[in-house]
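We call the chains A, B, C and D, going by the order they appear; numbering starts again at 1 in every chain.
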Amino acid sequence: MRKTLMLSAVSGVITSLFLFGQVMAADLKIGIMVPTTGSEATSGKDMENAIKLAAMEINESGGVLGMKIDTMTGDDACDPQQGTAAATKLVSADVAAVVGGYCSGATLPTLKIYGDANVPFVIAAANSTKLIDANMGNAYQINSTGFDQTATAVALFEKQGAEKIAVIHQGDGYSEDLAKLTRDKWTEMGKEVVAYEVVNKGEQDHSALVTRIKSKAPDAVFWTAYYADGALLIKQLRQAGYRNLIAVGDGSNSPKLLEIAGKAAEGVYCFSNPTVDYLPAAKDFHANYKKTFDQEPDAYAALAYDGMKLMADAIERAGSTDQDAIIKALGETTSFTGIAGPVSFTDKNTLARSNFVTLIAKDGKWTLSE
Amino acid sequence: MALLEVKNLGLNFAGLQVIKELSFSVQPGSIASLIGPNGAGKTSVFNCLTGFYKPSSGQIVFDGKQITRKRPYKITRSGMARTFQNLRLFKKMTVLENVMSGMHCRTRTGAIGAILRTGSQKREEAEIKDFCEFCLDFVGILDEKDRTASNLSYGHQRRVEWARALATRPKLLLLDEPAAGLNFDEKQQLIELIKRIRDELSITILLIEHDMGLVMKISEMITVIDYGQKIAQGNAEEVQNDPRVIEAYLGREEDEVA
Amino acid sequence: MDRLDSAAPGNGDVAGTGGPLRWLESQKNRLIVLTFLAGLAMFLPLISNNYVLEVMTNVWFYVMLCLGLNIVVGYAGLLDLGYAAFFAVGAYTTGILTSHFGVNFWLTIPAAVLFSICAGVIIGGPTLRLRSDYLAIVTLGFGEIVRIIARNLEITGGASGLIGIEKPSLFGFEISQISHFYYVFLLLACLACFVSYRLQHSRLGRAWQYVREDEDAAEAMGIDRVAIKLYAYVIGAIFGGVAGCFFAAKMTAISPETFMFQQSVLILLGVVLGGMGKIPGVIIGAFALVLFPEVFRDLGSSRILVFAIVMLVIMLYRPEGIWPEKKT
Amino acid sequence: MTLQDILLQQLANGLILGSFYALVALGYTMVYGIIKLLNFAHGDLYMIGAFLGFLVLSVLSPLIGDSWVGIMCSMVLSMIAVGLLGVLIQRIAYQPMLSAPRLSILITALAVSMILSNGVLAFTDGEYLAFSTDLGYEGLEFGNVFITYTQMVLVGAAALLMSALYLFVHRTMYGKAMRAIAIDKDACRLMGIHVNRIIALTFFIGTSLAASAGIMAGAYYGSIHFFMGFVIGLKAFTAAVIGGIGSIPGAMLGGLLLGLLESFGTQIPFIGTEWKDVFSFGILILLLVFKPTGILGRTEIERM
């Protein structure tokens, strides 16, 4: 009897899956692929909110080609396996287009799925350079890639007169990619990378590494990974008496870094994607977001919002929901200006300009440098 | 030539000498006993013989081969089987499955044969089953073969252990206190069984026992140890009349009874 | 042997019988249900969308992994906390051989089996003599070592991993659609069930059980416990390795993050939840593992928490798992 | 910095890291010694300790500030709380499993560990919390080697706790009972020792030591996170094995040794930070294979 219960439970679950995956009639269905569970859920939900906000605004002003936008979220949980499930779910539901993509690792295997289905995809945040090679032509990155960030970083180091730098990453795809690009570019310029190190995620004590770095006396230390471990590293570097330049990548662009590192973070540089705080055009968005969701928008909200708006713009320009037409229209974008600035694409479907800004920590807050 | 030859066996535990310079031998086809008061080191001798303890000195020659400090499974494969003083059955498995464990070392089918169920695998499984049923029949509990081992009576659980040991096709069978916990009738059956194992299956037997009556009745050669040392050796009559045995062994036996 | 097989389910059967659904006890009725489920599994691609297929493909994949780990944990009673390492060995073998050396996908499978065996022997050989709790930690350590090696080497693509792994084709037919992969993984899961079943009911399967129940008694019966455990370890490794090959082919991209400690724990959860050592139990465990986060999206973040609580309750009150025990 | 300076600084680093490892390893070793249980949840109790300390401190700080006094007060309070939690876990999850097969109790311990860490994950949404305190960066400079006062206090506190434990185990009746139970539980029961009470006491002490390490780590490093117990749990286990699991001085020695190994390991060419964990896991595995009893452990004799 228990066995029967078990069987009926299993078949019940399968049936509910059917219902879950069912296609509902809608005017214009746009998929959102972000992590809404898992370690990156906070950022993912924030992006989801921003995209929904954009869709709401579009609907209020008459929709796209007279159709109302209806969003559907696929949760990639920042995990490649769940990412493919989410992408297949969206494709199965016949979405006209997809906006999203936060974790590069989870976004990577989905490119093939969207590519095979020929679904137009605007990648709002994920920016690993690996995405460029895996792109089948239907995806467009509106966030500057690691190449641009490297250029910004190297420019800063040069301007500050650094000769020897140390690069530290965290052993994940994103931060290793950035660290490698920086190391190669710096050595290409005939300068020296005195230390190229990796920190294990979740470790708290970096004193041995700090001593090693300090003994190499670099003019600048570049942390390419996330804020949590970055804060600890900065703190311990300063504690050990390292007084030269410290810079962190866009993964560390969080007020949490300043909170954890405290006064040790003063004067640390950060390369950042266009976030709401430094975008003059984002005032209205900021207010609306706060009003609608009762919270502050996070780092990638502006890009996610722009992604949805760009997609709607491309569909208008295409004049139909034909996938090829939308993809073509996306590629031909020239006149679209979002809150994060103008958008146009290179022949590799990446953002034509670098949208990176340099921030500096002052009095416990990130402010634009220069 | 002796089937089992123990020469100058010594065993130390954390500085304590459990067995000292012990030598004895078991002739093929005989029923031999190892006796001694509680804590004399009888089970330790068994554990050395079967490889569970690593002796600190001395040699054990079985069937013409050195087996000193060999791993237990190798010793079993070379033809020495044992039972345990406090039963060590695979409690959750059936009686037949328990006995089948003994045949493991006499069969060879591996993973591929099992997956493909080759002809030789099927033949081997049938062979295992037949021989195990024969062993169960021999000890008289064939009709309980499909019961879970832990559900059997104590006496029958003992018989499962014997059947399991017989299934390894041993040349020498070591019985660790086989009569412990048995009533008078069961002891008589045990004596019968031990004799039948020797006579019908031509398996040599070495046993440790407390019950002096039983030992005297069936043993052809008795080795008496105390404090890990041999104090006497001989047939029942010789041992019974040995003053050292009477003094060292029986004296203490009375204390124990009291 | 056949007599033994049929004897057990015949007189044994489900605990807690009674109630209106008693008819399931008979072998025939069970067969009906089983046929129905098999039919459903066979024809699922005809009646469902790709999302359901994707999820179910994932289910079959975890069925295979869990059955592989079940051989180690369930049959041989060894706690392995680094099973993802074998899965990684298979995935990287396929990934590296196809993308760096242009080897045909099908040829990478024997290579993966070989490497898995090597990995199993390297890990198991020296450590299987240890006490079981030490073994758990050693396997955990090995799992981490494999992941760190994959992260640090050039050939494995470093932390970003490998991308653009070729999809396999068979006699000119390219396995690329999700429905194709569904059948491939269904087949693999069935194969895994079959192999598990045959092994469980064999001389080797019994030996694992002897060693699990009482190592010393098993050794006294002439069973080389180290060799027997190593056997379990290596076969489990092969399951994981082969599953890894197909995983790489399906995902076309692999990275070290997939093979973290959490993955090993997830697979272990699948084995324990439904009932260690029992094939239907393990299958149920794998279903729960994959379907739970898909159906209860809102609870997704706390899925491991829910599973862990269930696991604790199972261990305390029903150590044999959800799937009922046979009685004799 | 000269090579000598670097090595001296790494020595200091290793000792500080090692003190944390030792404190956590002590709990592992005590629990293992007394009931032969590998308590996977031990690292998570370290984490819970840090979170409770954070909570208590944020309540207390308006009253007594968040400097040393505040930290010490919240440390004592959360050590007691986590110690009680440890006893509770032992009663609920481990007590019924003591006679079960080893595999079951190991899985139970794993489940407890996952419940603790994922429970905190659910509570905190996986966020890192800033454990902000008022500890300064001032310290003493010995040549090029720099040690902050905070670091000195930490090592001092760890040493104090460890010596207190050592005295407790070797000078009191409870300590004797603990050691006796580790050798023969049944005999102790016959001798009239409240075995269960002593086991509970062992859990209390072991987990509260882990909690103390957690709070100190939180205050020292400045951030806490649901996953912070995993790595240190593993490392502390390694330390306990190096020293000889079951041996209290062994755990202290093993902790310090592992801390030093890791610090100096960073300086070894080709190992560096990239292969650091492979290095320490490698040591663990080699040790278990070739000398499972560790440096100070006793050889066990298993009887038939």
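Everything that follows uses one rule, which is that contacts are C-beta pairs under 8 Å (C-beta built on N, C-alpha and C of every residue); 3 or more make two chains touch, one makes a residue touch a chain.
Nothing here was measured: the structure is a model prediction, and the numbers come from that model.
When each chain is reduced to the mean of its CA atoms, the one lying nearest the mean of all protein CA atoms is C.
Contact analysis places A-C first among chain pairs (by count of C-beta pairs in contact). The chain with its Cα centre farthest from the Cα centre of chain C is B.
One inter-chain figure worth recording: chain A and chain D are separated by 37 Å, centre to centre, where each centre is the mean of the chain's CA atoms. The distance from the centre of chain B to the centre of chain D, with each centre set as the mean of the Cα atoms, comes to 48 Å.
Mean C-alpha position of chain A lies 71 Å from that of chain B. Among all residues of chain C, those that touch two or more other chains are 148, 152, 216, 301.
The residues of chain D that reach two or more other chains are 125-126, 230, 274, 277, 304, listed in rising order.
Contacts with at least two other chains are made by residues 38, 41, 198 of chain A. In the complex of the two chains, the chain D residues touching chain A come out as 1, 5-6, 9-10, 13-14, 16-17, 20, 125-128, 130, 132, 137, 146, 148, 217, 221-223, 225, 227-228, 230-232, 262-267, 272-274, 276-277. Across the complex, chain A is touched by residues 14-22, 24, 30, 33, 37, 40, 48-56, 58, 148, 151-152, 158-161, 163-164, 176, 178, 251-258, 284, 287, 291, 293-295, 297, 300-301, 303, 322-324 of chain C.
Residues 1, 3-4, 7, 11, 194-195, 198-199, 202-207, 209-210, 213-214, 216-225, 231, 235, 328 of chain C are the ones touching chain B in the complex. Chain B meets chain C in the complex at residues 50, 52, 71-74, 76-77, 81-82, 84, 88-94, 96-97, 100-102, 104-107, 109-111, 113-115, 117, 121-122, 124-126, 128-129, 146-148, 164, 168. The touching residues of chain D, counted against chain C in their complex, run 36, 38, 93, 96-97, 100-104, 106-108, 110-112, 114-115, 118-119, 121-122, 125-126, 230, 234, 237, 241, 274-275, 277-278, 281-282, 284-285, 288-289, 292, 304.
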